[in-house]
Amino acid sequence: MDEGFLKEQQVMESDLNSETSHKSSVDFLMDWFRRRSIFVLAYGTGCGAIEMPPTFTSRYDAERLGIRGAATPRQADVIIVSGYCSYKTLRRIIRTYEQMANPKYILALGSCTVNGGMYWDSYNTIKRLEDYLPVDMYVNGCMPRPESILEGFMALQKEIGDGKISSWQKYEDNYAFYRKNQEAVLGQTVAPAYDADWYLYDGGL
Amino acid sequence: METNKHITIFHGPQHPGITGNMSVELDLIGETIQKATTHVGYLHRGFEKLVERRTVIQAFTIVCRICVPEPDPNEANFAMAVEELAGIEVSERVKYIRVMVLELSRLASQCMWLAGQSGSIGLYAVGQWAIADRDLILDLFEELTGGRVYHMYIYPGGVRRDLPDGFLRRLEKVLNHFKKRLKEYDNIFINNASFKSRAIGVGIVSPEECIKNGYVGQVLRGCGIEADVRKDAPYLVYDQLDFEVPTAQGGDVYARALVRRAEMDQSIHILEQVIDKMPEGEIMVKMPTHRKFKLPKNDTWVKVESSRGEFAYYMAGDGSEKIRRMQVRGPSLVHAFTLLEDLLVGAELSDVALIMNSLGICPPEIER
Amino acid sequence: MKWSIDISGTLSPLGILAAMMQKPNTIAYPAVKKETAVGYRGFHTNLLVDCIGCANCQDVCMNDAIDMIKTDKEYNVKNSSQCIPRIDYGRCCWCSLCTDVCPPDSLKLDEEYLGVTQYASDFLYMPKDK
Amino acid sequence: MIILDLALMLITAYFVGFIYYGLYRNITARFQRRIGPTIFQSFYDSIKFFGKKEAISHGWMFYLGPIIMATGAIMTLFFIPFFYQSESFSGLSGYGNLFLVLYLMLLGPLGNAMGVGVGGNPFGVMGVTRGLTRLFALELPFYIAVVAIMSISQSADIATIAGSQTTINAFAHPLLFIAALFSFVAMMGQSPFDVVGAPVEVYSGPASEFSGKFLSLLMSQSAIFSFAKLVLMVNLFLGGADGFFELLWKTFVLFLFVIAFGAIYGRFKTPQSVDFLIKVPTVIAIVGLIFATAWGN
Amino acid sequence: MFATIKNRFATTDIEVKREDLYKVVVQRDAIFELIFMLREQYDYQTLNAITCCDWIEEEHFAITYILTTSDRKQSFMVQTMIGREDAQIDSLTHTFEQAEIMERDLHEMYGIDFPGNQNLVELSLENWVHTPPLRREFDTLEFVNNNLSFREGRDGNMDVKKEMKRLRALKKAQKAAAKKAKEEASEVSDGN
């Protein structure tokens, strides 16, 4: 039996085998800018929000890496789901996520988003975030230290720069799956559906 | 056409100006608030149920999550309630260490308030400095307890680790740094003309209301009432320490800010006494294993002074190894509903963040 | 609207500008790494020559995070169950109760804490043998 | 040739504006005791937003808002000469004078108000209401100061005003300069008058509903417009510029002052800022006007 | 004070928990009278909390009102029992404004009705249709298992006690087998 995180090795191997994507030079340039500018939605969904002020203020200063806060979902690239997620919050997170403009990413902090964490037997929190929304990066810890959060952002930036992340596409493609899971815990009140025509309006003039 | 004038907006839960994950439904005419309704529950995890499922020792690790910015009063409360029910007496050293942890956490929490309050009027520099200063305290906590935010340190029957070598010296160094910094905060924030113009006369509470409705902490002290659990019903060793209860007149946001600022001085003063007086002794009484530790059938009500006011626990045992019932009564419960909904009527949208920060509303302890 | 001229309140915040000349607080993370304090509660380690497979850690864990699994490594001769703990970091809260109850003191937390991954299934952790 | 001149002006304003915004973030970071981003950060942000897709539509009126705003900013820029002697970088300033510039400066915010109103976001509408209220408050002292300057220079032509200053107007007529500076801080949306996009109150105000290309456009216009306003202030009060170097250091000093002012003071409420603007700077401007007309020339 | 309360409410059940905390248990119909008396005559001006404890074995809820004097030096826990079925007790909102939110909380968590409280809407939960969660009969783990799923992949967990037993038995068997083999071998060798 190997030590450390068990699946790590396997994942690295699978990455080697996957096809390298062919990007046009415009995409390449766009990804270059995207990884240097990340706007994080100001929404503290759980206890992890307590380590965000140190990350974003002068001690760890995430703005050095081009990461800064954004007030509204329209302008944000990343939503941080910081730890446990009660049903009531999950509904708001889904709603907020769907309003964000593509491309968009989800960063999940802490144990609770992976397998319930210490609230594994709580009647009011979800256990696995990936059932409801496509998660791009998990950060380990309870709570993750600011260094861990920065590390998570840097890993995300690397993936963005390589153009590997298309989780929003995954969400649109597998919407039925996500919707089913969302309805299973939230009932019919998740509405409106993501494919309502006012959501998927593509491009301006 | 009266109805057309009203706009209903949700201030939160996704809003930069909200203190945590909660929301206030505001009914506005122009930018003046006609009616405010608080909504919580975004952070409800059912602690009181989870605690019932766990043994006392297991439950101890979970209580610190109840209030995220300031976990230590929860641990202290839990430990004190369990000790009172089980009849455990802890040593003097433990009491001093607990006082030290509580005061450090109060100082850290006030730094967080400083950041929130200054951020609510757009003075971001103060917030950035204050959070970095708070990190110095978190570094101390990391050294003492092994965790930055969640310490899980105050164990029923004692504390989990002894002080590391030279810890008190490093603490003194941080305190000296803080003394220097607090003067700067006075100059750039408390004394700032723009803060005064925003805060004076906003969110006024009257002393009679305070007593009747059970408001606690800075809200009371901002009305000139000298109320502090540390003085009124001393716990741990607060009766052996010399400190004052700062008060201010006016009952507005500025009065509460002055009180908080003066409390930071008092915390430093207490910590300096703790450094001088720290006795030797055991840090933990002998505790049975977690399946054998039982609480008698009895109930109690314990309270400590957190950085935002009286923080109380009701705890009942039933003779088994599990807690029968633990109810958390944080300072925010009444503040966020009765008080906030009152204060916001007639205020402007710009004042919402200001008032919320000055009340120190912390949603995780409301809904638990 | 009532207001008065507040000269000291207008001038005293000029102190903010002095910060321009001072050293920033920032720890430039990837380049400069701050030492974690001794005794920080990071990832688990388990010294296999000491572990006796008693499952006390599993019993005390309120998060149901610890699995006792068969090991193919060399284990302590006193390990009467031939099992060693594996920890689910999708559950763990680093409360360190498991290390408190460990009779031979083989299970410990060390200062490592960085774990970032794209896949939620990565979060099963086999404590390092040290 | 005028097309080339205009294009060069636009490109200069675009890049200098973005670098100034980068510097703004960097210097603010220093006040906050941190390192801060690179000076190109705002540019990166803008380009990134250009590559994002809008998630939502409110119809063509909504999109017209940012376009009118950008048009207003660019037209303002074209009518302000960068240098008082040179033929190049004078743009269309030969065809219009200070009055036209003052009028064009109003165009953008009004167009934006229309677009945001269609968006229907209550925070956007609130932000725009705040913005227009502040605009009318800050215009009063600014116009008085500008009228005084025009009467001193006996001309409404910007290049002439810039060139005719023997002692620069900031020292010759300090009261007018101070009055105009207060307005200018408000015009740049700096604290304590930053009521429009106050995040803890109204999210990001008028921009709340915009994303993608239109937010990128808004950022670009804000960079261009800021530079245009800086050049205007330099021309009116700091004696104008003779070359790029002089223009850059003068605008930068002015910009640094605005940043420092914003870092020191917290935000006023809308009524407070209006109250302040129509009392303090206006009184200073009127006194300055009286001094200038009594002793001027 | 204690004598008055004892005479008036025919209870002997006054405990002094700490020097600053008293507790009394009274009948349900007398509780408001006692609260008002404490408030009017003994300066217990503030209602700090209303708590509830579910004693499912004894089939009642213990409702506790915690009152504090206006100088905040003394607290009084006033407890009464109400039946678990159709639990209801009058609201205190007319006297203490803050009781509204506390009663709302208890209503949601235990399903207790407070006639007189106008605002008993959901507080923390949203669209909750199951048993009120803090009642003892509500099993949260069962609820989670029915409604949500945990991450798979944690197979390989052994029941250590059983495993120990099995290994011990195995060892014994091995030993016995070895012994047997030895004996057999020796028998064989003997035979030879």
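We just call them A, B, C, D and E in the order they show up, numbering each chain from 1.
As a working rule, a residue touches a chain if its C-beta (ideal position, glycine included) is under 8 Å from a C-beta of that chain, and two chains touch if they have at least 3 such contacts.
Since the model is a prediction, treat every value here as computed from it, not as a measurement.
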Determine the set of chains touching chain B that also touch chain D.
A, C
Report which interface contains more C-beta contacts, comparing A-B against C-E.
A-B
The chain whose mean C-alpha position lies nearest the overall protein Cα centroid is chain B
Which chain has its C-alpha centroid farthest away from the centroid of chain B?
D
Centroid from C-alpha atoms only, then distance chain B to chain E, rounded to Å. What do you get?
25
Just curious, how far off is chain D from chain C if you go by their C-alpha centres, in Å?
49
Centre to centre, by mean C-alpha position, how many angstrom separate chain D and chain E?
63
So, in whole Å, the Cα centroid of chain A is separated from that of chain D by 37
For chain D, what residues touch not just one other chain but two or more?
29, 31-35, 199, 203, 263-265, 272
Can you list the residues of chain E that touch 2 or more other chains?
124-126, 133, 138, 140-141, 151
Check: chain A positions touching at least 2 other chains come out as 42, 57-59, 61, 64, 71, 88, 114-116, 118, 120-124, 128, 142, 145
Touching pairs here come out as A-B, A-C, A-D, A-E, B-C, B-D, B-E, C-D, C-E
Chain E residues touching chain C in their complex are 151, 153-154, 156-158, 160-161, 163-164, 167-168
Per the contact definition, I'd like the list of chain B residues that touch chain A in the complex.
13-16, 20-21, 41-46, 49-50, 53, 61-62, 65, 68-69, 112, 115, 127-129, 131-132, 134-135, 138, 148-150, 364
Listed in rising order, the residues of chain C that touch chain E in the complex are 53-55, 58, 67-70, 80-83, 86, 88, 90, 120-121, 123-124
Sort out for me which residues of chain C touch chain A in the complex.
24-30, 33-34, 62-64, 69, 71-73, 88-94, 113-129
Residue positions on chain D within touch of chain A in the complex are 25, 29, 32-38, 41, 44-45, 47-49, 51-57, 60, 63, 199, 203-204, 207-215
